[in-house]
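Below: the structure, in structure tokens.
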């Protein structure tokens, strides 16, 4: 009797924490919608809603790799890139075939997730044997490869179907009325703008369900055991490769979903250092680390704050990235310095003790 | 005056108070044992003395200096050596390089070499494995290396955290002999041990630590006959 | 140098304060013109040039009594050459109350912003967004040539003037501008009887070492090397070619403008380089000279083609606005409708062309000038 | 054949630049066990200092390099002390992110101080180019100087770490900071020294990088920094000769793949080769495999 | 019937013959001790048995099945579980989750079931919880089940490691110095626990230990290893009185 009560209590505790996380997302959504309807939200903020969803999903997804699986990935934007391009290609070529934007976008999301997952497996199988910094560098390399390769891909469509080349648009040898969809470095233009805040929030919630439920399941424990002690995990019969690959692939697929939102939010899609290069991968890592490695809720909050910050600093003009850098450094030290952490803990502890006494 | 004097020491891990007002002293030439159950705070005490941890309040005097706020490496330079819990050998470095690092604070090449030979004599296995990366040594071999490395600094005080852990019976005896020998040659010893019986048998004085506070103290032989000590730590 | 340093910083501050004072002065009597481009990040040179060129024009116009009697307030936003940031910048400007947009500076962001501005029906004139799609919508016009236009014009110029039959190309395959010109050049070269003997690329991540590309050009016997790229890389290519002892004819487009003004650049390296450009800082006409002098005074740097594009864009807006007789109290959409028509009716004498006219599809009609660098200065050909 | 040799030699020139950067990278990476993503930007600052001294103030290249070394050393130590030291006991990832912040900071300071326009760098190397086979093969003075500097630095660093007390202290610190302190090693001092040396090398690398590819912008250091980091991993993390070999190899592979496979895809190919090498030899070319004792 | 039969096992590290011609037979249900001086090769034998190292020579039969050279994971599934000389817990997991991870292969539901929280998820998780708590009780750890493993004191960490190993449902349990770092009282307690496990779980146990009180107190048979080779084997009392063993290992 007493035993089962204890078990329930424990489940309740994780459940409670999860509910808070979902609650924050839903509450934020409702508040924003109310404000938008009341006309209280600026164009800038409205424009930022979808990017915020994109980076929140990226942060959660990378946290699965970095925080839960315990492997450093510096190429996460590469998966986003795969998701963005594959889905944009799909949407553009299906513009006529599937006129219903909702259905088309639904399939685009699946396509983006699928191809990103595929990339995750292709990279993961050979690469997950490596450890630590070596894995980091290989994922970085992979991200750069994807970016580099995508910017030499030319895909066109005419009556006889899709044409493909890595040389230039002329080499596609299309019929006269054919259209170039992916034009090398010039990328894709004219992707339908299907991403909305509502869809973004739904996708965040789905991402959260997947990641949080995974963590608190049998497979999640296996993944975390690999993180905590590889040798011990093997010794109790856990198939390390399988679980590493599983986490990595899920993480890649979610990044792919973020990519779909990305490509369907802007009408010009190119693969540059800025959006899909290592700079972006590192930016997402910043969300994860600043918010707390393995702390899903924290990384979501960090993603939102750091996506907003440079926009809020716009008034500083040429100084804004300088100030941004300083704020980033200060926040990192504030959040991570062991001395400050101790100090904060003791301060709160004291406060609480005093409150209790009162 | 005592060589090492700890007064009203308080140490926290975050909000957890691990040491509560601990005071004790170690006189020159003594062997002092610190015993206590798992988690009593023995390791914490030693870490604070050698500067790996910072105390929240209290003072530590060593050799006439207040070392409470002094950087750990300087404390070592003043003549304090520490054999840490968990051995902490430099895994990628060879046995020889580990030993050389033990003598980091010393300059005289000839003297260092002398000590090295002395250690090789006491731990022949280390000489045998001179060039093996320390990380691949067996548990007991690493324990010997940790001990040898600390002795390389020719310290005034040596602080030992469970030096017999993982050693075979024959080596446990050996290590206690070595401790006594080192002590005879002029080094003061502060010893933390689970093997309380052995520890008390070679110590002059002892302190019993319970949940972060000193519960008992006194002459080692008297403590060995103390009923509560017998019951709690000697399993008799 | 140090003197220059403080001036550059001061310019940054001005830009920042210019915006805030603009906000204060945003009474009934002023037009709000926004600008977007990269002013931080690795492509900051282009954005800063446009920002300053336009700023200069606006100050002149304001000093001269403004447009239709109304002053202009100017607000330039950074986009780091990123599509997403560009849309953010655009939205920021919308919040500020922008009525007309000078931007964006680079192509991919320009396309992304175009989708938004056409939706909102805000007039957009990009000084330098050269990709075809930068002028896709009705509300979009541009000052510079489009990429295909430049690619075709280059091939025609080389063919018609019989500069070479064997041509090598070195281009930036990761850059929209460069690969746009490159592609069109390739197709037009066939019509001009030009043989492309070597066609090599580099990327933004790999743009300092050109030994392979140059050697391939040399080995293939190219008499002319076509460089549809920006001048910062061209400066390196010229230096490296010199080191190899390779001296073909180099031929570039408007991106090469600025070459001679790279600080500390050994201009002898650029001797005999030809380029098709609408603007040359060394041109002797009064307009250019005045512009260059003022710009140097104000910002401590010699203006490049981007600065000129920005300058011309503002004057084009002025002309169109006067033609349509718009007033500052009109909303952005009404202004856009008015300017859409008047843009096609004006003719502007600018830094980047005389008698510039615009077609309905947003393209400028002006003649590219071919110039050759002789004794360290541009000489018309 | 002729052109192959020439591609190869040009690859070596490129590789020597990667190598000299990688040496500094490896130094910090191997000892402080942190990915100092700001290293490339210290290089850039070094480049600007040399540029200012030589081209603006008109002093000699030696003065330029000396001043750059001094300033970069100070800069490195300050960065370490202010931004990295407070996070000494925190997760290495936290320090990595702070390093990113420092990298942005340096880039934006340079952007504000020196402007966005590229500057043409006057080579600090006065050694004439080596002309072989009637001038068909040219090895530039920069390449010769860079390779020689690499070798000197490599030997110097190796000796320093092997033979000096400070070097041994660095090894100990890299393994276990707490245990190193118990040996009487000043951990903070040792790490500061590591940064000082790493940054001094960055200054030299900056001068040579900008001499070989004479252009200077606030972003000059970032891509070579990443490439050099890749080179360091390629050669084996923490291995000084590994960084040298990794750098040279990277340069050669990059140039040959540009020449014989595709100039558009050369980066992809270089990274592809890196992945393959690491799969075959998971600790890089000269990296030692330390088996964890179970 | 013999549960474990090792014949002529050997491995070298560089020039060092760490284990040589090692043979041993352990009957089902036995409590067997492996002792020997530091560096004799005891832990190495555990590593060979569990596939951490691949042997150069020899065969290992577990319950008649040849497991020589197999992967660690497969060996665990075949029925060998172990603890480590230097504790290896999943430090960021709770005590309960450490044990549930050990139950990974005994209870099963798919990843998708877990993500979608299908009814099976709740059912199996509940079973796992119950089983895990049962195991924790054996070691007196049920009170601490929600604490992170890294926050346990040293002695309890050792116990948790045993519990986790037991959770995998092995036929053979290998314990590497289970009493290291424990005081005599705790050691006595541990001896009782080990006996309890043997009796109640039908377990065969092979353990390495330097604490003679524990060895003489619970081991039925001993093998003494010296320089990688078997010095002697036999009943505990006999072995401990062997003058060779006293000379090489026990002293005095």
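Labels A, B, C, D and E are assigned to the chains in the order they are written; within every chain, residues are numbered from 1.
Simple rule for what comes next: a residue touches a chain if its C-beta (ideal position, glycine included) is under 8 Å from a C-beta of that chain, and two chains touch if they have at least 3 such contacts.
Computed from a prediction, not measured in an experiment: that's the story for all the values here.
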Intersection of the contact lists for chain A and chain C: D
Most remote chain, CA-based centroid, reference being chain D: E
Which of B-D and D-E has more C-beta contact pairs: B-D
Furthest chain, CA centroid comparison against chain A: B
Averaged-CA centre spacing for the pair chain B and chain A, given as whole angstrom: 50
Computed distance of Cα centres, chain D from chain C, in Å: 35
Cα-centroid distance, chain B relative to chain E, in whole angstrom: 30
Geometric centre distance via CA averages, chain E-chain C, whole Å: 73
Multi-partner residues of chain B (at least 2 other chains): 136-137
Per-residue multi-chain contacts in chain A, two or more chains: 144, 148, 151-152, 231, 318-319, 321
Where chain C touches two or more other chains, by residue: 12, 39-42, 173, 203, 205
Touch relationships between chains, expressed as pairs: A-B, A-C, A-D, A-E, B-D, B-E, C-D, D-E
Residue ranges of chain B touching chain D (in the complex, touch as defined): 50-52, 71-74, 76-77, 81-82, 84, 88-93, 97, 100-102, 104-105, 133, 135-137, 149-150, 153
Chain B-facing residues of chain A, complex: 341-342, 345-346, 349
Complex contacts: residues of chain C adjacent to chain D: 1-2, 4-5, 8-9, 12, 39-42, 44-45, 48, 173, 200-203, 205-206, 208-209, 211-213, 215-216, 219, 232, 235-236, 239, 243-245, 261-266, 301
Residues on chain D engaged by chain C in the complex (per definition of touch): 3, 6-7, 10, 13-14, 51-52, 55-56, 108, 111-122, 129, 135, 138, 140, 213-215, 217-219, 223-224, 254-255, 258-259, 263-264, 266-267
Chain C-touching residues of chain A, taken from the complex the two chains share: 42-48, 51, 144, 148, 151-152, 168-170, 184-187, 189-190, 193, 262, 265-270, 272-275, 277, 310-311, 314-321
